[in-house]
Amino acid sequence: MPTKRPTPADSTTNHPTHGYIGDKSRYLARMKRIEGQARGVHRMIDEDTYCIDILTQISALTKALEGVALGLLDDHLKHCVLDAAAQGGDEAQTKLQEASAAIARLVKS
Amino acid sequence: MPTKRPTPADSTTNHPTHGYIGDKSRYLARMKRIEGQARGVHRMIDEDTYCIDILTQISALTKALEGVALGLLDDHLKHCVLDAAAQGGDEAQTKLQEASAAIARLVKS
Amino acid sequence: MPTKRPTPADSTTNHPTHGYIGDKSRYLARMKRIEGQARGVHRMIDEDTYCIDILTQISALTKALEGVALGLLDDHLKHCVLDAAAQGGDEAQTKLQEASAAIARLVKS
Amino acid sequence: MPTKRPTPADSTTNHPTHGYIGDKSRYLARMKRIEGQARGVHRMIDEDTYCIDILTQISALTKALEGVALGLLDDHLKHCVLDAAAQGGDEAQTKLQEASAAIARLVKS
């Protein structure tokens, strides 16, 4: 299963363990929208938009990012972590250690 | 770096209550960087980067956004809200109501 | 500003700017409930309750605390900070500096 | 320190999947401290302590709770979820579904 990817084409076929692949286009679309929201906040600041309205946009942007992060994490647990767990051994513990650290960063950010 | 405003003076004279004006270029630079970070996350997903590494980037992005929001809020309180408070009357209460609602959204997002 | 309590009374008369005084009994009741929720989580752990159910209770407790914090902050802004702002001078800036730092701690916690 | 269980053995043998058992006394001590912090906030409100100081305590309390939640979640993933994953089947998916929902509640709370 592990591959380093020779061609872009492979990227969808050769990384079956990256859980989000199935929804990849949806995640890409969400990140495009988030990038647009960031650009929107930039423009609001540039145009001296009322501060509170900018803060509202930033809260929306943060929530959108949080949604992407929770989705990726869920996919990761259901794929990488479950796969590692099924195989057993240290790998599963390592994966969970990583996941717990990522969860802690999300909760604190 | 094209700008929409004819003279810098206008931006300050026309919106004297927008507290962030002083640091405007710094805020614009921070949002440019955040936009770049969002683009980076998009690319990481597109290139099937390991999920945990993407989550790390998203946490960094969220913290950067939080920093911008707290900065804008601080400026807003120190300028708009203080000004309104100095004049007294309902305006001050309205501004604080707005600010409190924005703070609640930030805390919850 | 009128005060509610006769003897330890000084504590209210000497701190007339403590905005939450009006709702004090409501805040005290909310904190009693939160204390009870903390005790409930302790009991759940002691009784080996299923982990996910404990986490649900902790999330509820955190939200309840957040509600108290946002309420106190709102009261603080509307009373202490507005009063200081009305008087003008450095005091207002100091109060806002404090408030901004408290908001940042809340957003990050 | 009265306890509800007759013998320590029972608590470990009857709930072998509750991952936090090993650290149970530490979690109980942390929750006792949190309960004391909640009581402290109650007292601060009752004694009309300066609002900002109360908010500082609430932020500390929230962080302490967050620490307990992240610890329990980590234990849960490393025990219940890994065990379910090792056995395979729907149980593992169900456990992860639950865990993801709990993580989302934590991130949003």
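By letter and in written order, the chains are A, B, C and D; residue numbering begins at 1 in each of them.
Convention: a contact is a pair of C-beta atoms (placed from the backbone, for glycine too) under 8 Å apart; a residue touches a chain by one contact, two chains touch by 3 or more.
If you're wondering where the values come from, they're calculated on a predicted model, not measured in any experiment.
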Centre to centre, using CA atoms, which chain is the farthest one from subunit C? A
From the C-alpha centre of subunit A to that of subunit B, how far is it in Å? 22
Whole-Å gap separating subunit B and subunit D, where each centre is the average of the chain's CA atoms: 34
Please output the residue numbers of subunit A that touch at least 2 other chains, ranges allowed. 66, 69, 73, 99, 106, 108
Chain contact graph, described as a line, ring, star, complete graph or other shape: ring
Inside the complex, what are the residues of subunit B that reach subunit C? 66, 69-70, 73-74, 77-78, 81-82, 85-86, 88, 92-93, 96, 99-100, 103-104, 106-108
Which residues, counting only subunit A, touch subunit B once they are in their complex? 5, 11, 15, 18-21, 24, 27-28, 31-32, 34-35, 38-39, 41-42, 45-48, 50-52, 54-56, 58-63, 65-66, 68-69, 72-73, 75-76, 80, 98-99, 102, 105-106, 108-109
